[in-house]
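Below, chain A partners chain B and then partners chain C, in two separate complexes.
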Partner chain A sequence: MPPDQWNAVALDSQIRASSSNPVIVNDYAVALWRSASGQVNAWEDRCPHRGMRLSLGFVEGEQLRCIYHGWGYAPDGQCRQIPAHPDLTPPKTICARRHAVERRYGLIWTNLADDPQAALPDLGADEGWVAVRSIFLTGGVQEARKAVAGDLAEWDGTVSDGDVVTLEMPDGTRLAAAFQPVDAGSTGVHFVARGPAATAEGRHGLARQVVQLRNRIENN
Partner chain B sequence: MTITLHDYSLSGSCYKVRLMLGFLGLDYDRRQVDFYPGRQHKRPEFLAINPLGQLPVLEDDGLVLRDAQAILCHLANRYDGGGTWLPRDPARFGPVMMWLMFAGGELMAASSARLHDVMSYDLDIDAARRSARAAFRVLDDHLTHREIDGATWIVGDHPTIADLACFPYVALSGDGGIGHEEYPAIRNWLREFRKLPGFHAMSGIPEYV
Partner chain C sequence: MTATTDPVARNEWIACGWLGQIRPGASHDTMVLGQPIRITRKAGDGYRIAEIGEDGAEGRELPVQTRYTCIFTTLGEPSRPLPEIAEFDEPDRIVVGCGNVGVNTSPYRLVENFLDMAHFSFIHVDTLGATDKTEVLAYRTEHRKDVDEIWAVDCTFFQPAASKAVKGGQMTRYQYRVMSPFSVMLYKNISEDSDRNDAICVFIQPLTETRCLAYMPMAIVDNENTAADIADFQQSIFLQDRVILENQRPALLPLDPTYELPTRADASSIAFRRWLKAMDIRFGIYEKQAA
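Now for the complex of A and B:
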């Protein structure tokens, strides 16, 4: 049973319209895809037909198409077209496995529980958050969170530890690090910012600082 | 005057040259070399045209050229009148060369991993994957900053031979056990590359975007 827990899995700005992306959460492969109109979906990365990875598929309008035999799935998960049998209405039972997904604070979050009850982490107002960058650290999520919080504590500002680690910087910028447990050996950390540094120049600077953080953590 | 490519369909390095010839709309003869399992590139007849025993080799108007990166430079220099694939202005020429060397250097670890997994090459697969991941990270870090500027390509505002030379082994890396999960900026760049007019796929790289 997957835990009832929201995990950030990508920066919203990096999941482009009409794209399907491979993402791993707690050893479980997810196809994170965005339709042409911008709607985001998090599905099991497995085609109901023969099990092909749907993250290798392509998006056509509001459908995700499997790369193998081209079956097309609508956002409700239902198979809507089978190219080898164009006149057939696919039976309702052919359905991709969907998971809860939310966009907030410039991040995309999923919860793999069957019936999610947990609330998303609360970072205050949703407006104004911009992408900084994602990094991937070796080691499990506990270890990664500790290392990131420990490193940020050496920066100027005030760190708040939690599911999401945040840093209030002296200029009023808020930097947030949200964690993606990939597997026992890897953790994604997605950084977003809000405030004065939420400009292109500010994002370049913060992204470089985050790479330095990654290098320090890896060299430790 | 004909261009002849000594080619192997499953080779990512030959694919670099096929892509370039396609983008430039050039006709050419394809000489298929039985690379695997035949190892025809190690036979005397082939060593006579490339003593390094490697594919690709391009023959053009009396020239016999080896090394995909050198061949891309030659084709762009000779046939791309607009200079878009190989910009000559100082702000872009150096960076394009830098990433071109990276494609023929550090990134080739991804080719090694694929040769191991697909063609049973005897090499240190863990070391190959580690080096490939380190190179992918360098590219992803660069492309992350390019995204912040709203840019798509490795250098400048249109694709160059730097993008072209980096594309095949990054796109094919799944064959060598290296997924794209940890490289979001690379994923976006690969997708844009596949949308280019004149792009064509090879086995292991989907045509659709």
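Now for the complex of A and C:
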């Protein structure tokens, strides 16, 4: 049973409209796709027909289509078209496996539990968060969280350790690091920021500092 | 992996090399069903195949047959002979070997991809399929009990460029034939003469449950193109399929019909899976973890 837990899986700005993308959470493959109108979906990365990875599929309007046979799936998971049989209404049983997905704080979050009850981490208001940078660290999520919190403690400001590690900078900017457990040997860390430094320009400076953080951690 | 203990898989003939691959006097180490083997070419055209033990020394000698441009062996006692494919004996055909291509998936995913017409319009665009002509018309499947083979007959599909010899689109007629869990072929009518079909085989060497080499011998009716041209065409098609094959999950084949859901166009795949289930083959099959 997957844990009832929200994990950040990407920066919202990284998942483009009309694209399907592979993401791994706790060794489980997810197809993260965004429709033409901008709706985000997190599905098992497996076409129910012949097991093809849906992250290699293509988005057409509001449908995700499997690359192998072109089967088209609506955001509710239902198969709506089977090109081999243009006149056939696909049976209800043909349905992709969907997972809970949320967009908040400039991040895309997913919860793989069958019946998610847990709340998203609370970072206050949703407005104003901008994407900074995603990095990947060697090692499991506990190790990565400890290393990131430890590094941020050396920066100017106050660190709060939790599911999301945040740094309150002297100018009032908040930098947040959200963790994606990939597998035992790899963790994604997605950084977003809010406040005075979270501008189009300031974002790049923060991104450079995040890359330096990664280099310090990986060189240790 | 270690050699499979599955008697069903062990008792099949399996391609393990192609003629011309090994120089006279030389040998080549490879693997079938997880069992390391050494193929040694004798002075002439004869071959000797032996298992390689954990100590690296040659052990038990294995049976050998050479046919259809390939070398075959078996780890067990085959109940069925190598298939008869008469087209390879017709003197005016071009027989092409093509070497082999590595594909990281189970052998049955390869067989099913070969049997499948519904992907032509998406994976082989402008050659075997057209994006605006995707329909798979009804065809019949048969379990031919006398030879214990699965056939799909009366298959038709619109193809913009069905082979190296064809210019322009046409409705191509196919027959498919699964001769063993590891060998499949098709008869494809593309010539003017409706009685003369191209014969294209895929013989699969499962190195392990999820790593295979595929051999594609063909006996083609073509007066214009060279063997190299024909091989190029076939390999370009096969490389498009490989991208698909290596991205199916799981790589092992699920036989539970509720785990992967078929439609009418998959009649040949349905027949193939039923046949595998009935023979109780275990090698390369996905066993769902208990919930």
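Heads up, the rule we're going with is that the second predicted complex is superposed on the first by the 220 of 220 C-alpha atoms of A that agree within 3 Å, B and C clash if a C-alpha of one lies under 4 Å from a C-alpha of the other, contacts with A are read in each partner's own complex, and residues count from 1 in each chain.
One rule holds for everything that comes next: a residue touches a chain if its C-beta (ideal position, glycine included) is under 8 Å from a C-beta of that chain, and two chains touch if they have at least 3 such contacts.
Computed from a predicted structure; not experimentally measured.
In the superposed pair of complexes, A:Thr93 makes contact with chain C only, with no contact to chain B.
Shared-chain residue A:Arg103: touches no atom of chain B or chain C.
When the two complexes are overlaid on their common chain A, residue A:Leu56 makes contact with chain B and with chain C alike.
Of the two partner chains, chain C is the only one touched by A:Ile82; chain B is not.
In the superposition on chain A, A:Val182 makes contact with chain B only, while chain C stays out of contact range. Contacts of A:Lys146 after superposition: neither chain B nor chain C is touched.
Using the contact criterion defined above for the overlaid structures, shared-chain residue A:His69 touches chain C, although it does not reach chain B. Common to the chain B and chain C interfaces on chain A are residues 56, 67. Interface of chain C with chain A (complex): residues 112, 116-119, 121-123, 134-136, 244, 247-250, 254, 260-266, 269.
Contact residues of chain A toward chain B in the complex are 10-11, 13-16, 18-19, 21-24, 56, 58, 65, 67, 131, 133-134, 136, 182, 186, 188, 200, 203-204, 207, 211.
By the touch criterion stated above, chain B contacts chain A in their complex at residues 141, 144-145, 147-149, 179-182, 184-185, 187-188, 191, 206, 208-209. Of all residues in chain A, only 29, 45-46, 48-53, 56, 67-70, 82-86, 88, 90, 93-94 touch chain C in the complex they form.
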